[in-house]
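First up is the structure itself, then whatever we jot down about it.
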Amino acid sequence: MTERYGCQHDCSNCTASYCIDDDKPHEECGVFAIHNHKAAAEMTYLGLYALQHRGQESSGIVTSNGENLYHHRDMGLVSDVFADQGMFNYLMGKNAIGHNRYSTTGSSKISNVQPLLAADREGPMAIGHNGNLTNTRELHRKLLKNGAIFQTTLDSEVITHLIAMSEKETLGERIIDALSQVQGAYCLVILTRAKVIAARDPYGFRPLCLGKVDDSWVVASESCALDIIGAEYVRDVKPGEIIVIDDDGLRSYEPFEKKRKAFCIFEYIYFSRPDSIIFGECVDKARRKIGRTLAKEFPVDADIVISVPDSSNTAALGYARASGIPYEIGLIRNHYIGRTFIHPSQVTREAKVRIKFNPIRGVLEGKRVVVVDDSIVRGTTFRKITELLKEAGATEIHLRVSSPPITSACYYGMDFPDKDDLLATKEKTLEGIRKKLKVNTLGYLSLDGLLASVPQNGNSYCDACFSGNYPAAIPSDPSKDCIEDSNSIGRLIDARSLRYK
Amino acid sequence: MTERYGCQHDCSNCTASYCIDDDKPHEECGVFAIHNHKAAAEMTYLGLYALQHRGQESSGIVTSNGENLYHHRDMGLVSDVFADQGMFNYLMGKNAIGHNRYSTTGSSKISNVQPLLAADREGPMAIGHNGNLTNTRELHRKLLKNGAIFQTTLDSEVITHLIAMSEKETLGERIIDALSQVQGAYCLVILTRAKVIAARDPYGFRPLCLGKVDDSWVVASESCALDIIGAEYVRDVKPGEIIVIDDDGLRSYEPFEKKRKAFCIFEYIYFSRPDSIIFGECVDKARRKIGRTLAKEFPVDADIVISVPDSSNTAALGYARASGIPYEIGLIRNHYIGRTFIHPSQVTREAKVRIKFNPIRGVLEGKRVVVVDDSIVRGTTFRKITELLKEAGATEIHLRVSSPPITSACYYGMDFPDKDDLLATKEKTLEGIRKKLKVNTLGYLSLDGLLASVPQNGNSYCDACFSGNYPAAIPSDPSKDCIEDSNSIGRLIDARSLRYK
Amino acid sequence: MTERYGCQHDCSNCTASYCIDDDKPHEECGVFAIHNHKAAAEMTYLGLYALQHRGQESSGIVTSNGENLYHHRDMGLVSDVFADQGMFNYLMGKNAIGHNRYSTTGSSKISNVQPLLAADREGPMAIGHNGNLTNTRELHRKLLKNGAIFQTTLDSEVITHLIAMSEKETLGERIIDALSQVQGAYCLVILTRAKVIAARDPYGFRPLCLGKVDDSWVVASESCALDIIGAEYVRDVKPGEIIVIDDDGLRSYEPFEKKRKAFCIFEYIYFSRPDSIIFGECVDKARRKIGRTLAKEFPVDADIVISVPDSSNTAALGYARASGIPYEIGLIRNHYIGRTFIHPSQVTREAKVRIKFNPIRGVLEGKRVVVVDDSIVRGTTFRKITELLKEAGATEIHLRVSSPPITSACYYGMDFPDKDDLLATKEKTLEGIRKKLKVNTLGYLSLDGLLASVPQNGNSYCDACFSGNYPAAIPSDPSKDCIEDSNSIGRLIDARSLRYK
Amino acid sequence: MTERYGCQHDCSNCTASYCIDDDKPHEECGVFAIHNHKAAAEMTYLGLYALQHRGQESSGIVTSNGENLYHHRDMGLVSDVFADQGMFNYLMGKNAIGHNRYSTTGSSKISNVQPLLAADREGPMAIGHNGNLTNTRELHRKLLKNGAIFQTTLDSEVITHLIAMSEKETLGERIIDALSQVQGAYCLVILTRAKVIAARDPYGFRPLCLGKVDDSWVVASESCALDIIGAEYVRDVKPGEIIVIDDDGLRSYEPFEKKRKAFCIFEYIYFSRPDSIIFGECVDKARRKIGRTLAKEFPVDADIVISVPDSSNTAALGYARASGIPYEIGLIRNHYIGRTFIHPSQVTREAKVRIKFNPIRGVLEGKRVVVVDDSIVRGTTFRKITELLKEAGATEIHLRVSSPPITSACYYGMDFPDKDDLLATKEKTLEGIRKKLKVNTLGYLSLDGLLASVPQNGNSYCDACFSGNYPAAIPSDPSKDCIEDSNSIGRLIDARSLRYK
């Protein structure tokens, strides 16, 4: 419904670099913030680089030197946006926030690049947002009525307007006032001239952690962004917590009513990096346990276990260990994808999957193969992987999916295709899916198995995409829940975005 | 005070292409609008091209197809910004507005490129503004207090907020409401989904004319933009007039109290193209009369009359004709300046003026030369021209300036240097100026002579830069009258603008 | 026949910046060289900038620091190619040559950018060439037979191969050996690690002058390139002279048989800058005399004299002075053309000339107008100028052309269209031309009048384009005289040149 | 000795994308050719994409339509160089060759991009070369003496000159004549207007295979480039074989004296993709056997086996399987590296390795870890990996290298640092190396073990980098064996390559 940068027409076959796994849900964003570091912009750059997997469409850094805010933001990978080293000399100051974006709401366009910038009565401000609000439409209308002018089609922009229009006195109070009006999922990093602020919604849908390096506080979506700069993981930002960091130190606020935690279980299945700690536990550990549970639920007599690299590697290792079947590398993934990868017109659709994956005949020939994949969205890619494996001599293919069938939309920050394009809703039965994917046997991890495999230490999870049980309000008209669709009054369209899409 | 794109440090010696006459006041902007033309974007492109002299920093076009607004805007000359022909396919619709900008308020940066875009409760809107408001600071503060978020540092942005926040019902009423609050100089073109609107301030500081081609109404800063598309000049937009054009035709409103006209006399002296009709008269005709008056006021016994090309050519012809001294081309101006022209570090300051002007020895050698220049701001360039002419063999140099000494700032849209840098305020006496410029005799056109030379048909003029008589309110604190200086709360700075300035 | 960068389809209406006068012959190239200057590259940059009118397609500088040669060359105007100031730090050394190119032979493509580079047995060498060889085809074939590999389609490349393959001992002897084999027009600047060499063909078709600034010798196509760096004009490089400059000073050689001089008379008519001294005389002076002669040959009763700016300004002044009819500026030329100027598809062919020229009604209305143009090639542009002038109210138009009708091709470095496209060959009679151009009267300067107007001090001229009298050999098959056409063995084609033409 | 694009100063810490494994030998090049395919350029693009690992500096495709040759070549990854889909429309014709380059001889610069282009007496020709000649210096001097002009500093250019200067009649004979004069390693693809030619040196240092898809013959460095376009692997091009493909079909020539085969054993260890068949065997299979042999030679009591991803994955699996110690993923490699990755100045050298590798604490903590790495060149990277693993909690680190110590230079196409920078020559003893790398135990695969693990079917190998036994002549003065060093007569240097390195 909304344009996607480069993915518009054939997402299931897209192999563009930013579309890292085409038959997967797409992550929304990664955020980073640092206070009081002499190389604040450079540390943010490294942090965003470590969080690249959470958003490949655009990237931006905003810094503050106490007086002004300095920003550099553009479409592209972190390494492309910041390819000019000299730029860091002009991202001045000791405080910084950064953002990687994959669009969930709002079109892909340069004006939607985050962090969002705004100058209100207290001065310049920048906001980075990971998540998805669910009452954007109502807030947008109300704000327009009050005379607000919108510059982007991001749900995040309603937050800046709510802050600017709040009649409270202090910035802290105005942020609380604003956040008390929004519903849905958010992890925010906010930069003003003097402060770095982080906030997580009361459900805690998305991960956000706090770290420290020397005298600098750091906030990041995942702990891998702390590791890369040598920062120590301190703790998670709590659901509903607002952290304000300035020269007086760090202060924590929990102004909102407590909610039942609803951590996104897909972060453990697929989104987060295996070397990150999120929701209080190492992702690798959870993912390995998921693989073991999958082996117990769906054992099979086979010769080798392989994964669909790289995101399923850990679950496949767990499956192999638990089942006793040897783990092998049967598919090579091509990582030499630059900023863009074009598909010459003469390339058949079948050939496209070969560009990303090449099977190793020596490993597969004559083998009964268990293939572990972490999730199946449309099934279009996997169907072609099946063909590749068979051509390379695999005699049997046993697909084991380390998550349950995806049957419901996500309104809290994941980007799925329309329900009608989900394999598990199109095919009514498991047998239908099995036939569609042309595999010998098929096993999806059960929801109970999944919930039993992820960390239990007081956590509770959002599993709405599998169960349809939404822990929080969903949009009144989900099909129109973004600013560009919230009214019938036309849009501002950058001709460039049409010209070069 | 404000950064200038590339001109920051040595404006008097700058030869960059956008800095067409470095020892001249800088023009502010050119605007263009067209309604109901099947090639609206392309016509606007041509119109902006004809108005290039009014602003070389950035350019932009916004179109409407009745449903959405499509925009393309960037830093650079019109021909650079629209170098990609394919872009026109995506600037859809039959209505369009365009804008060339030379910054008067607001820094030179991409976010300040016009037309300004905004989406308010009635939908998307674009505004192009030529002129300079004088109560920006007060309006900016009031708007911030009401919760407005500013995205640019343009005085023009207050207009969009005033429209958005107006509580009137119709767009027309809201525009009137907004304009009734602003003071200063403005010619506006406004595009909404269904309407093209033009407005000129009650004093009429800047020119704005109305034209027609086939069934399309056209609005432009100068009539040369009508000529290039084959449109017919109909009349000037009247001071204080608001023109609304939509599918129901053209409607004119004059909602404001009448003021004494205050047409910028510098438009006749230097800014406007000689082939334009402005303020009801052909510029060439006025400029030629100015030259004749100058000859009468300051006759001299000399061999040839030359001009400082190209802006002084017409006045020089007028002088030559009235004085009977032959007109000659004694200075060649180099027009092959691309997007950028760099000065190698080894180039002496003296050499820089040679890059722009080369004297013709065969014309000048042994001659007593009258040089006609239309205006002198700092005098830095002219002093070097004097040297060039002498080296080429001129025996006497008689400078005749076709305007009075510039002694006061302009708050209505011209960009002068600080008062302290104006030659006519630094040097107390004419004799001091003459010595500084190293000329044999010097004559500045008198203010009375100037006023007698420009068209009289009911017009009255603003001559504040010569006389200090300001026809309208000036800013309460002129040194801080732009958004970026209007508060002490910091600025949003694009690191790119620092990196590549 | 050969591709032209951007001009392929409709040269007569082209207004691209590099196509400065579309209805004119195109100049070929400008060359510059400097020895022993601490800022050799920067001086060359300025020299090329002053010579921009001689070639707008590409530009290049090569320097030597005695050890290596350093080069930077690209498509575009001088100011674009050298827009990055930092580049000068890497163009090391005290000796340099530079070249501006407009293609006469060889396609427009990056591999044809000059100066040409080569490394032969004596080390690296660079050559810049202005002119056109007439026995390219024969030499090319012979060199191929001897095992030469060609990298460009430039006639100039045969010179580098002839030097490399010469069996003579010293570089000087090898250059003489090479030049003794080539026929046609050449002004060369050659750079080796230790030497700067300049050479001019025995006929002296193209201008080349020698200058001095401090302890540095300078060579340039026109003296305006000396002026811009403050160098003094010393003398012309003589026809048939080879000048070798190294640390031992300047040495002159005249190894070839003397020929009757055949200076290109079009340099005075149109090509050279009015402020240059070429062939021993100031261009402005010659051009003015040409205008006077034209007035004597073709007097007319009229109100004003105008020129087609800018190249005809001086001749028009000459005409005005001799005729007593007042000189006026009746056409404004738009100089704000950036790197590219596109013609939107909806722009009518009639409108295109308006983009370059706008008539001033106030000057023209009700007037009988003499229009002086320096030359007419196709006549397509002028026909539209006639229309513009009439629309602006001119009652009579009397065209006076300051050169004879062009009826023959040039093989020595000018680029005309095919004979069939020349107005003066298409229309058999003057009356036919007059009707075609829709003017009231028409006068072409006579060849005798032209020859009488240009300097006589021992000069003799090539007037082949008017007379068909070729002073030197012409190609055996003129239609195929460039490397790309000299054989039927296929070409190397840069896909980019097709993609972006 | 030669400049390296971006790697000049600190190669061991470089993480730029083109520098895929910084502590590894660098591969030289990949070649591809296809005959008679309607989408020849697009197939070549895909083939080059599959061969990206063999050269990341530059890429190029040349096509022939029987009449002309069309080329597009540039610095950068395949996906960057061919990011513009429209380019394929201009790479016309059914025959094509392509080349990926990593510089071994000749500087990194645009003029050295391959395929090399030349036009000799038979018409245009393009050559792509994988390998390194060993008598370049002598041939270069001889060719210069004969009048050749060199445009690049590539050893490959001597081949084009030898072909052009050969006095034989047919192209085939001239190629044979040329190749009979060169020594060293080469796999060549040559394109003329009518033919596609492939040649491999008599030792067969580098792999080259022949495939077929429909009616098209395909030649490629590795079979993975056949797989991606769905072509079938037919056989290897034989050492000393020249294959000529034209409309008359494929003809094979073996004109040279037979030599003992000397296949580069490093292709199995590290260079080739695991899914390729080279030298008659699947790389994965050989690499796995190498891992097993390593386990037998250097068993150890440990908890887990991990690899340094991705190149050591297969050997690590082999080690794990043979040793019975579980295979784990303990290091995550970041693949999100765009065209450039800059290291902010504030980033410590220690932090740089984290940008590429992140250890997983959950896997490593408290574990005795076997780390399998395929080769160690300088040891700088691995020393930092040791630190990462220890910080993540590994209690013991047992390094197992799946190749012998590298002690000698390669003259046949691999790029090692100077001998003095090789870890195994700097440290005299294994114990010294062990201490340097800070590992608990260290085992290098024995040369005998290596030779026993690679395929034996009639193959023999070059193991000179381990043994110092060179199977073929080496350069007379190895330190100067490239064109740019072969004489003291200076170089042609692109200022851009200095400016932007």
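All chains are identified by letter, namely A, B, C and D, in their written order; residue positions are counted from 1 within each chain.
Keep in mind that, in the parts below, a residue touches a chain if its C-beta (ideal position, glycine included) is under 8 Å from a C-beta of that chain, and two chains touch if they have at least 3 such contacts.
Note that the coordinates shown come from a computational prediction; the quantities given were computed from them, not determined experimentally.
Trainee: Moving only from a chain to one it touches, give the least number of moves from subunit A to subunit C.
Mentor: 2
Trainee: Let me spell it out: compute each chain's centre from its C-alpha atoms, then which one is farthest from subunit D's centre?
Mentor: The chain lying farthest from subunit D is B.
Trainee: Report the inter-centroid distance (CA atoms only) between subunit A and subunit D in whole Å.
Mentor: Computed value for the inter-centroid distance: 36 Å.
Trainee: If you average the CA atoms of subunit A and of subunit B, how many Å lie between those two points?
Mentor: About 48 Å, centre to centre.
Trainee: Subunit A: which residues touch two or more other chains?
Mentor: 84
Trainee: Please list each pair of chains that are touching.
Mentor: Touch list across chains, by label: A-B, A-D, B-C, C-D.
Trainee: Enumerate the contact residues on subunit D facing subunit A in the complex.
Mentor: 17, 38-39, 41-43, 45-46, 49-50, 52-53, 56, 76-80, 82-85, 88, 224, 227-230, 273-275, 282, 284-285, 288, 310, 313-314, 317, 321, 326-329, 332, 334-347, 351, 354-355, 358-363
Trainee: Going by the contact rule at the top, pick out the subunit B residues touching subunit A in the complex.
Mentor: Those residues of subunit B that touch subunit A are 67-72, 84, 86-87, 89-91, 117-124, 144-151, 160-161, 164-166, 193, 487, 489-496, 498-499.
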